[in-house]
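Next up, some structures in structure tokens.
Okay, so chain A shows up in both of these, paired with chain B first and chain C after.
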Partner chain A sequence: MSRETMNVEERVWAAINLEKPDRLPVAPDCQPAGAAKLTGRTQSVVANDPEEALNAELEAFDKYGGWDMYHMAVPSTNINTLFLGMKVKLPGRELLDNEPYQVVEEEVVKLEDYNNIIEGGWQNFFMNDLLYRIAHESDNIPELINKIQEIVQKAFQEWAKRDTYVPCWAGDLHPFFKLSLTRSMIKFTEDLYYRPEIVEKALDRMVQETIKTVIDKVRATGSKIAWLCEERAGGFFYPLPIFEKYWWKYTVQIVDALWSEGIISLWHLDTSWDKNFHYFKKLPKGSVILHFDGTTDIFAAKKELGGHLCLMGDVHPSLLSLGKPEDVENYVKRLIDEVSYDGGLILSTGCNVPAAIKPDNFKALVDTGKNYEFSK
Partner chain B sequence: MAEQLTNLLVDLKNEKFLSQLKDRATKEDPVKILDECKRGMEIVGERFEKGEYFLAELMLSGQLFKEASAILEPYLLESGAQEYRGTIVLATLKGDIHDLGKDIFATLARAHGFEVHDLGVDVPASTVVDKVKEVQPNILGYSCLITTSFEPMKEATEEIEREGLREKLKLTVGGGATDEFTKKYLNADFQTTDAAEGINYCLKVVGGELNE
Partner chain C sequence: MQLVIICGMLGSGKTTLLLRLVKLLQSDYSQIAIIENEVGEVGVDANYLSRKGLNVQELYSGCVCCTLSTDLIVTLEKLQELYSPEIVFMEASGVARPNDLLNTIEQYGTMIEDVKVLSIIDATRYVLFSEMLSELLCAHIECSDVLIINKIDETKREEIGNIKEDTLIKKNNAKTWFISVESDDYIPARKWLT
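Coming up: the complex of A and B.
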């Protein structure tokens, strides 16, 4: 039986650089909602107490034998979710104790706000106006921001004690995604079709801010990978001309700006991107990681993008919540045999570890990912 | 003129569509006008199936249809009851407050001539069972975006089975958190993440194409 010959960092970078690692790197996206289930905490505890959220993640990591990369090292709680720009319903507040937090699809950014964004920038609009529209009456915003900084420091120290690679302390949402979340999907889609000029002007302004913010954060934290998120722009939602003009154009700008600084961008891409694979082929080889959520056909993505970009994913949340350990094992084996046979894959969950995950299924994911190749 | 209203909807010419609709609503048979809108939605659905239209166009045409229905409603009430192709009960179960996908599906289903009882989000299993007993739908649809609503969906389904109602309806489940495992777990008849595919299934159910 073969043995590990690389450390966690070498293994992850081999996959990113499209080389064959000693074995598949394993990196489940274990956020507090899933970590709560894995460690016996309620959703209310992890959603409302950032310290407990981090504790849940650390405990899950230790309990399941650890894994190679923890790419979202700052736990997502009631504080960070405000940065989605949406109102949030929390367990223990609006929801039952063991229901995960959820965002409210609502038009919190109005049509007239586009001009404020274009003139003053998104960050200014967000910090001085939008944040106060979405915050709950009990939220003390300066206190929450301080708390984020505290928890980032603690996360930094705690992850450094563990044998895992934590390369990603900077991130942002794609400007398109920010507008879709905050305008609400239907209103934003109406904007794209009925008043596209104002959307384009806003995106022109916002993308420059995104690039600067992410690069500044990467430099300040010594990160090597920046996390970027988009869940609403792929071919599942929009025709290619809309995708090209309002998403792809800006994505190329972001990727190029980061790549020229030596930064890899890790794109969290939910929903199906099957119709968009050929665009990603145009990005510089090895410049991005594409994290799919189980609805994109990762096997088809491998055929089109294999040898060009690193893929990540994609054990479906339904499989992890309802399947049997052998179902998870079989799926991970298939990923290894058909996607990772020549490198270029980081094994992960489709989106985050789900709040209803069965612990034995999580174990099957991590263990199969770490051991299957060596057992052959 | 009739074709023009249909085409305005299909081409998403929102201002012209609504202006013409408002103008005609005061003068013409509202059932006929609604039929023209429904025809438009059918064409949108056909284009979606061919890959010419995307979810964005389904959403926008659905919004226009919704506005048209609201404008025509008082005239339709005056002219008597509408005929429906079939009845659908829709719900996002307890613990899940996402309504976007469910709302899109509900609008499309209405546009295709279904009577839709949309129970909303965060719905207790007992509410679903009561509504199924009351209206005896052809189709019961669950919408689901988070995994914690798998159990409430299961609970509702089991209660429907216990009440002897399950054989009388087709159970469908849709949404980003669902897949074949969800379908099997719920013993559902159909699963999809594609609203238009869901409508096609419902049309087959009421068209008798799925009878064994």
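Coming up: the complex of A and C.
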């Protein structure tokens, strides 16, 4: 039986660099909602108390034997969810104690706000205006921001004690996604149709801000990977000409700017991107990691993008919440045999570990990921 | 348990349709339950419906639905345990794709005996959706058993003609109805569910 010959960081980077690691790197996206279920906490506890959210993540990591990469270092809680730019219903506040938080899809950014964004930038608009529109009446914003900084420090110290690679201390949502969330999807689509010039101006400005902010943050933390997220631009929703004009053009700018600074962008891409694979082939080899959520056909992605970009994923939330451990085991084995046989895969959950995950299924994911290749 | 999934973009008339269906069919079923997933500008008044003897569950998912299908099964199990409803109406989020829900129901929804998908489309915004959100629109149309083209009282006759001639509409196999859910006196609810 073979044994591990790489440390966690070497293993992850071998996959990113499209080389064959000693074994598949394992990196479930274990955010507080899933960690709560795995550690017996309620959703209310982790959504309202950032310290407990971090504790849940740390405890889940320790309890299930650890894994190679914990890519999102700072737990997503009541504070961070505000950074989606949407109103949020929280368990224990608007929702029952054990229901996961829910974002509210409504038009919190108005048509006239585009001019403010174009003139003053998104960050300025967000921090001085939007944040106050979406915050709950009980939220003390300066206090919440201080709390984030405290938790970042604590997370930094705690993860450093554990044998895992924690690369993403900086990240952002794609500007297209920000506008879709905050205008609401249909309003934003109407904007693209009826007034594309103003949207393009806003996107131009926001993309430059995203590039600068992400590069500055990554430099400050000494990391080499930035987390970026898009859930609404793919072929699942929009036809290719719309995708090309309002998403892809800007994504190339972001990826190129980061890549020229030696930064890999890890894209959290929910929904199906099956119709968009050929675009990603145009990005520089090894410049991005594509994290799929189980809706995209990762086996088809391997055929088209294998040897060019690192893939990540993609054990579907339904399988983890409703399936049996042997089903999870079989799926992970299939990923290893058909996607990871020559490297270029980081094993993860499709999207985050779901709030309804069965603990035995989570164990099956981690254990199979770590042991299957050595058992062959 | 019979499940009726009502899907369509935000603002297409899903909530109005749901309320009319429930009112029309309430006497046909011993227990009706409603799953509300559209957490948006207009929602079902859960308290009002509860007073009418209906069981309403909100279904939460993230900003796009990656766990929606999972949560639907969990919610259906909960409803089954609490109320054993004969029929459940689900108002799906505007960004949900019915095919994902159907796949999960087929795999894990052992309590479901029959599923019907009713897709509702706002005729006044048909051109916008067919050009800008064609993939999502197709997903709604392709999976539907009944396709309801709504708000025809607000749509020009010529535009209705164009919708009827659109390939997407012409090639689909669903029963298609041009109607105004809010103002029309007659809604063929029983026909739609058989």
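Basically, the second predicted complex is superposed on the first by the 376 of 376 C-alpha atoms of A that agree within 3 Å, B and C clash if a C-alpha of one lies under 4 Å from a C-alpha of the other, contacts with A are read in each partner's own complex, and residues count from 1 in each chain.
Quick note on the criterion: a residue touches a chain if its C-beta (ideal position, glycine included) is under 8 Å from a C-beta of that chain, and two chains touch if they have at least 3 such contacts.
Owing to the predicted nature of the structure, the values given are computational and were not obtained by experimental measurement.
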{"item": "Fit or clash - chain C, chain B, common chain A", "value": "clash"}
{"item": "First (chain B), second (chain C), both or neither touched by A:341", "value": "neither"}
{"item": "Partner chain(s) touched by A:181 [first = chain B, second = chain C, both, neither]", "value": "second"}
{"item": "First, second, both or neither for A:236, with chain B first and chain C second", "value": "both"}
{"item": "First, second, both or neither for A:299, with chain B first and chain C second", "value": "neither"}
{"item": "Contacts of A:84 with chain B and chain C, given as first, second, both or neither", "value": "second"}
{"item": "Chain B versus chain C as contact partner of A:259, first or second or both or neither", "value": "neither"}
{"item": "Which superposed partner A:156 touches (first chain B, second chain C, both, neither)", "value": "neither"}
{"item": "Partner chain in contact with A:99 - chain B first, chain C second, else both or neither", "value": "both"}
{"item": "Chain C-contacting residues of chain A that also contact chain B", "value": "89, 95, 99-100, 102, 104-105, 185-186, 189-190, 192-193, 235-239, 242, 270-271, 293-295, 317-318, 321-323, 354-356"}
{"item": "Interfacial residue positions of chain A with respect to chain C in the complex", "value": "84, 86, 89, 95, 99-107, 181, 184-186, 189-190, 192-193, 231-232, 235-239, 242, 270-271, 275, 293-295, 317-318, 321-323, 350-351, 354-356"}
{"item": "Parts of chain C lying in touch with chain A, wherever the complex brings them together", "value": "9-11, 39-41, 60-67, 69-71, 73-74, 93-95, 97, 100, 104, 107-108, 128-129, 131-136, 139"}
{"item": "Complex interface listing, chain A residues touching chain B", "value": "89, 95-96, 98-100, 102, 104-105, 185-186, 189-190, 192-194, 235-239, 242, 270-272, 293-295, 316-323, 327, 354-357"}
{"item": "Interfacial residue positions of chain B with respect to chain A in the complex", "value": "12, 14, 53-57, 59-60, 63, 95-100, 146-148, 150-151, 176-182, 184-185, 193"}
